[in-house]
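Letters are used for the chains, namely A, B, C, D, E, F, G and H, taken in the order the chains are written, and counting of residues starts over at 1 for each.
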């Protein structure tokens, strides 16, 4: 076993990015993700990288655009209000097909809200908070080891498909400490970035342009069709989910990120009591893990979606289940983290126990 | 087995570090562990607390609603957390700063004169280590060897000279538990 | 006669008032207020010249001055 | 007996959440005193920033709006256009005003918007735990300039008052400090003038106040005041940068 | 009949706003909605109102925040990239419960895209492009008369529920001219804005605060529950849809805005040929007109959703239909407006004709 | 026969989409001539704005990125940090740079970012059809100042060069014009100096070029050049505002 | 009945205004109408066109793929739109500027020397009105009275003196249609 | 002998070159180029002093000058 180190989530994500070859970070402070840029500001200079504290999140995402367009592995991170400010830039990056990793350590909203953990940015993340038809690959780790592992994945997926990837965490994940191991992943085969604007001398004098403007409707439609085809590929290839105790589960709880941890504790309790409850934990929120649902459908009688929101992922669950099973919902908001007991109570109610 | 500990005190009393040491030691013992700070709207100088989970299985929720043990370094922390200690659980409180005794009768209660002991050692800032020592003694959460190793690893290179005083504080904390048990 | 009044519960013990008193009569008290701070006070009120320097520098409007 | 000094009426009773010795509290009080003296509490509308002063809306006895980070001048513009007879002020930190809100303050100033901005320059992001601000001094260590601000990579501090004084919209721009009693008195005078100019419709007004952050500077409150005088004032000289009644000077 | 005037969509919306009592406009130029702020800059001074060209869309939405918080009827308008920049501000307004009307004259995306009409901002509009759990009321006119009528509605809804309302148009609607009539609407009974920050002297010395910060989780949850209860009320009371030829329609086309116009032409052709095709046109996109679906379900065998996007509203259609009927999709992108013939072909294919 | 004047190699063959007589074309050519003369086409990376020059990426024979409206300095920062040996320039209009992109240019300048900005000040939003810019002159009519820019309500033009010259990050800031041949020659010299300073690592450089918009000004190309001299130059005086080699002047 | 007309020319030839007048007149005739400009990426000086719908029923699509009539004021417009005129439809082209005759044989084609006629009237800028006159004459889209009223309403107060020359241009346009029909 | 060459298809007929020619030999031609503009040209090449003023002011790099 390689050495496990105890780290804060925000720092573990930062270190994982550096190990994944990220050498550029552009960001702006915001709680509860400050340790991430702070760590980068200490560590990147040590590895010959560059940390820039941008004047705003708007500027940060556009620095990321420039750096990604110049071929770098580059990251930015923020939390809810700051991510809202990045929406125009994210749409531009998706349009110009630029790879980069964006981290959102979600807090309670809307507006200034609070700095406590939340999951109210699901819609923004997976449906597209920016304008136009585009998709981000959205990965939602539930513990720090997974966060670390998914960071490498995120950079690879970004480079492979030339698309921004969002890592969706929350204050709980960002602030907690857990042991993590930085393991060597089997690297994917990635295409050369021969499209990057590094100066003609670096790519045989052939001019490169990074751009999302396509003036003529027919060309812009073609560009959009290309994007949609790419998304279709991603949808097939990049679904990720964890199934826990689903083989015989009559009720399947669907939860992601921190909430899924709490659900696991609840399920452990429920299983001890003999209830056939399982967990389907989407790890990729987009593409939504439809294949995993196909696996649990034969046994599952009910679905219960648990979120720290008013109910957002529940729509995607309903879209997959398509009316074939009841989809229930339980949510807490505003930074309240549900307890295992609360969740167990909901489950028992649905199962008609007591 | 999954055990949850909450450590609480004023900002500046070192409760966060204390919790991290416990977590680290648990990790060195080969356990599953997590550490979660409160990071609420409290200003500096306000109260701070963290939750440590030490478990044999994967850690689910890093928060606990009824902790197996609470270490309270000041009065507001005792006020806030006394009631939620799991029946049969443990409450360690800093009797140097807390002048009201806890009222629960269904839990084990240990008073540690953390500040007085630390001041006696000539280093008032190690009161947290005294309390940690008491926790070490009163439970089998972690091993002594792992705690010492954790301390070594967490102290930065240029602070290693602080190791002895910290170990001393832990030892004095352990020693302080006996009389209460008697 | 000058009188300086401290709203002790508001005091955060920052000690700024101590440093600006021209006659050096502001001191920190040993006791704690509800929020856990040692509040400031005056050692010898008769020396006070009611200059209000302490009040003006206090970030927490603890102090009022009468003459 | 006569009152020599008392808590201004325009401050609520609520104790502030600021750290011990933080000069945000002094600046709050000065604004409240000015509101009292001008008798405008019933027509003042304040705009709180995102920064340590985010809860400022709890402390003033007047209508308040809480703005998004950096956008207080835009929010104040919206308010002032709707309530032209109101007295509208923003209270902003250096991250809020000089970094994310840079465009908003420049344009409110250029428009000559009839508002007053109190700009609290403490050279750091207090609220988020001590990151580098646009006004952090060269060489100073912060949580995002851990090796000291390196002007080659992280650039130079922005002198906001000097920069805004190049515009035609402002009527009054001054930099003051609250690091000792004499300067506190001067600071209040500047803030009062700014409000008076607003009321007289002369143009945009801004008072930059050099302030402290003992917590994130890692200094005692007293040492912090000393740092203002020793380190900040040479880089950020005090004075009036624009006064349309007096002509420009510096 | 009152006098009909021939106006450009952008100008008609502006005039309607002024007639609805809007006296404040903060905006920033962007094609294809420039005529709207330009009209405002001419007309508002004539009626004693105020037009401010903000330095950016970010600033504009925050000026709207300030003005709305001070009790004004206030509007801003933009097009896709500019609306993305407003997302943080919109989330703040929803959080602080500020009434205002925001107009999005959508263009082709993502990124800089083009200035041709599009409907790719549906997700952003109805799911929430900003952070946190909030909803905008989203109204999508299909012709200029309706646009004019909905502007009044929008201001009333905003004031009634203290919530921002989005008018979702597109380049076609903004740029075209049609006759419009500015009719007196029956005004709703609206609550007094006694919460506005107009100075203590204007509301009996009681302090008013406009704010979206709620530091304690339990309070922020309560605030969110209040918002969700409000949204539930809106969901019941404010659904709007048009049903055309649905009484006997075996196939119901679902389309909104400009696209619905094209669909109408297609349906006219199809009806002439004897096909039982109808149109369900959502006018309120949020709340989504679920009640209207209930009306057509008994007869409808198939749904066809037509959008100028890669398929966004289709998800809401599927959520309503909940697997009970097949939901088909036809979309064009990038500024291409589908022709009636294309749509008719799709319909016939689904109906199995020929 | 010797060539006295020819099309620079760093311009593509593609005819521009600019209106007849629009001086955007002259400024493009000057940049291309400078790139030619410095022999940097193979390491130059340009950043196009959103504005009439949005298609600039089609016209230069070097790598290009198209930035979001106003964000060219941020994009250029990203590029330059990744390709420090490259020569990175932004080309921006007055709406792009001085309005929506105000924070980005101020901060790129304050950081001393090693990039060169060519700032085309034509006092109007050309691309979107003639709305008021931050540099529109008082009294001038535009489609959003239909009654003439009223400084009481719409504020005063921003003098970008003067404003940025208050910062410590820039190495060279100059305002030039292309309204006649003599000034075109000077403008080129300034642009060249800016690129040279960037290459020498001296700091941020910006050349503000007074330019025309015959279409939206409602003037002929010739009248437009006259307006530059008659109306713009008094408000926007030409000259070097900062030159770290020469000391500040004006 | 729904009729669609496309009008096209250089920017500056007044095709947009021409289309608006037609639409306005249609409205005055009590018809359902719409006007839709091209607002593509073309720069000033490029080509411009607009689509007018005049109908008895509610106007669906404000665009047409096969127009009932096309008015082309310059060559690029003729090149672009000749092919899509509905069979049996109408094509009016500005023979002053267009030197190649249209080739379609399944539609009615009218050549109007719009610029020459306008220049003859001493006001070259009313070439668009000449073409509009031709359209008025060749179709029953709108009534003459409504067109005249539309013109009156659209001309701003301080431009009413231009009414006569515009009416004259329309009349000459109408007159010019005969010879072609012959 | 000086020679001024016009890449006529690029010319947009803006007439700026006309105004800057010190010897006033640049004129607008009657013909149209493909884009519909009257291109500029030179009336009497022999008078040209190859000063390149016309070329330098031309926004569309229409003109090259030889000597």
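Everything below uses one rule, namely that a residue touches a chain if its C-beta (ideal position, glycine included) is under 8 Å from a C-beta of that chain, and two chains touch if they have at least 3 such contacts.
Computed from a prediction, not measured in an experiment: that's the story for all the values here.
With one step meaning two chains touch, work out the least steps from chain B to chain H.
Between chain B and chain H, the shortest chain-hopping route counts 3.
What chain is the most remote from chain E, judged by the mean position of CA atoms in each chain?
Result for max centroid distance from chain E is chain C.
Can you compute the centre-to-centre distance for chain A and chain F, using the mean CA position of each chain? Integer Å is fine.
39
What whole-number Å value describes the gap between the mean CA coordinates of chain E and chain G?
Inter-chain centre distance comes to 34 Å.
What whole-number Å value describes the gap between the mean CA coordinates of chain A and chain G?
It comes to 55 Å between the two C-alpha centres.
For chain H, give me the residues that contact two or more of the other chains.
12, 37
Multi-chain contacts in chain F: which residues touch at least two other chains?
18-20, 54, 66, 68, 99-100, 102-103, 106-107, 111, 134, 154
For chain B, write out the residues touching at least two other chains, lowest number first.
In chain B, 40-41, 45 touch at least two other chains.
Where on chain F does chain E make contact in their complex?
Touching chain E: residues 50, 54, 66, 68-70, 95, 99-100, 102, 125, 127-129, 131-132, 134, 143-147, 153-154 of chain F.
Once bound in the complex, which stretches of chain A touch chain D?
28-31, 34, 37-38, 41-42, 45, 50-53, 55-57, 81, 111-112
Sort out for me which residues of chain F touch chain A in the complex.
Residue positions touching the partner: 41-45, 47, 54-55, 57, 61-68, 71, 74-83, 85-87, 103-104, 106-107, 111.
Can you list the residues on chain D that touch chain C in the complex?
For this pair, the touching residues of chain D are 1-8, 11, 15-16, 18-26, 29, 180-181, 184-185, 214, 220-222, 225.
So in the complex, which bits of chain E are touching chain A?
58, 80-85, 87-88, 91-96, 106, 108-114, 116, 118, 120-121, 123-124, 127-134, 211-225, 227-228, 309-310, 312, 315, 318-319, 321-324, 332-336
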